[in-house]
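Each of the two complexes below includes chain A, the first together with chain B, the second together with chain C.
Showing the complex of A and B:
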């Protein structure tokens, strides 16, 4: 989850998010270097008493300041495109889960083997237990086995929503009448929080998403329990 | 026209990188359009011999230009043939 006054990304829980983190570090460093250079030049230009009225053109520096930015852009574009194609690869998921957005809660359907479906409402602030996170906890979490590729089909029942979990690097719009596919694999067990990311009415800020990654036996126990309860 | 360009390039060599990158960008855009027209399964140029190319999709055809981690030819094809 996010921490108060946090500036950077949340810790990555999936390989794709790790790639995104490293790419962001790489690109931000380039941006900082260029901005520092520009700021220095501005200060130097503004605070000098020298003037030069006789330079008309210079082919050499023009070549340099065309080639160098082009190289920098290529250095940014190549990793970016690689991650873009990486994010689109769906490699043989072990489980398919349907996440349906409603006003104002999510419902998850695990229909690969049995018919498991449940709703996931936010826990109201007055019902929170000590240690739980305000506006982020839900009554039922989307439990998945850790280290397994999972496919999530996102759609909506009424208006636009968006299923987003930042630490997994996922955001997928939930469009009524449309199935959007996304896939991920969690590299570590844990609880990962996200919030609805497309304005959907009065309680848009109050329909969070909680993904819980557990070892396979725990997942199997959980799904048997949920099936009994239903 | 090309001769004029070459003459001007000799006195202004700074234009060479410009031609290279703009030309490269234009070439890449044209190649993308050509790929769309020829490889996109939604496009049919010959309605008699290739009427519905979107019905000829195989489960391990690679639709994307570039794969990082996946070898689509090695995908299992565990679905019925029609």
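Showing the complex of A and C:
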């Protein structure tokens, strides 16, 4: 969850998000360098009194300003492609969860061993306990075991939604009639908040996602309790 | 002998020829006839004297800081200007009055270097217009947000107690505990890390 007045990314809770943070730092540094150079050139061009009407071409500088951007783009593209392929690696997940988007709530189904399914509605502002986060809390959280590869199959029941959790670096569109797959590992226990990221109607802003990563024993206790309640 | 056919004649010869011409009274018609006789440039520039030779193919007058000597004089050749030029040639420049000097300059040039280099404040002009449009946009946006948009009033009013509870819960959950807000909290001592 973002704390007030936060400007940057939330801290990473999965290895892929860590990679994305480092890539963002690398690319932003390049962007700052290029922007500073361009700003300097603009100011120099605007505030000079020198003129030369008879410049036609200059082969040396044209070679430089063609090759240098190409090299910079390669420097950006190589880590980007590396992370792209890293995100698509799915190595034998321990758990498969189906996240279905409805108007206007999410429902999660853990059907690997038993038939566990529940809906996750946002807690309205007037029903919040003191200290709970407004527009982010849900009545049932998606609980997962920490340090285990999880596969999430995202789909929707009616209109487009998007299942997004920034701390884990996940955003996957929920398309009705289609199964989208994403996978992640949580490196540390905690509670990770996200919100629906595809416009889906009047209450699009009011269908959050809460992922809670707990040790395996706690997860087993929780799933037994949920099965009893259901 | 006309100046137009041989533009780079020696100055002494030019002076002698022009003096001889000055002593016979010349009218405007004579001048025009003289210029009309050469057909190369007269249709384009009229009865104007060519002074320099630049790299341009056609003979035109151009005001440019980088080319201080245009091809052709700005003003039309008239008997009065010829008299003034004769005076300029033969006497010391202190003999000319200020008005005569100005007339001679404006005969050869359209704008002075100071006028050419004077700022036109184009940037300020465009910036001002852009600022006016932006402020109209901001006023419109604010008016619409205050009057027409529903939803900004649904947020609960600012509450210091609730903000403290949010902070406590954020730290209890360990949100952003690597470089963010919970990383500044010392869990063992139960206080902020900067409180020694």
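By definition in this document, the second predicted complex is superposed on the first by the 228 of 230 C-alpha atoms of A that agree within 3 Å, B and C clash if a C-alpha of one lies under 4 Å from a C-alpha of the other, contacts with A are read in each partner's own complex, and residues count from 1 in each chain.
The rule is simple: a residue touches a chain if its C-beta (ideal position, glycine included) is under 8 Å from a C-beta of that chain, and two chains touch if they have at least 3 such contacts.
Small disclaimer: the values here were computed from a predicted structure and weren't measured.
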Touched partner set for A:92, first chain B, second chain C, both or neither: first
First, second, both or neither for A:51, with chain B first and chain C second: second
Chain B versus chain C as contact partner of A:190, first or second or both or neither: second
Which of chain B and chain C A:133 touches, first, second, both or neither: second
Which superposed partner A:10 touches (first chain B, second chain C, both, neither): second
Which of chain B and chain C A:226 touches, first, second, both or neither: neither
Contacts of A:81 with chain B and chain C, given as first, second, both or neither: first
Chain A residues touching chain C - in the complex, by the definition given at the top: 1-3, 6, 10-12, 51, 53, 125, 130-134, 188, 190-191
For the chain B and chain A complex, residues of the former touching the latter: 12-14, 16-18, 21, 64-70, 75-76
Chain B contact footprint on chain A (complex, rising order): 59-60, 62-63, 66-67, 70, 81-82, 85-86, 88-89, 91-92
Residues of chain C defined as touching chain A within the complex: 65-66, 154-156, 161-162, 165-166, 168-170, 173-181, 183
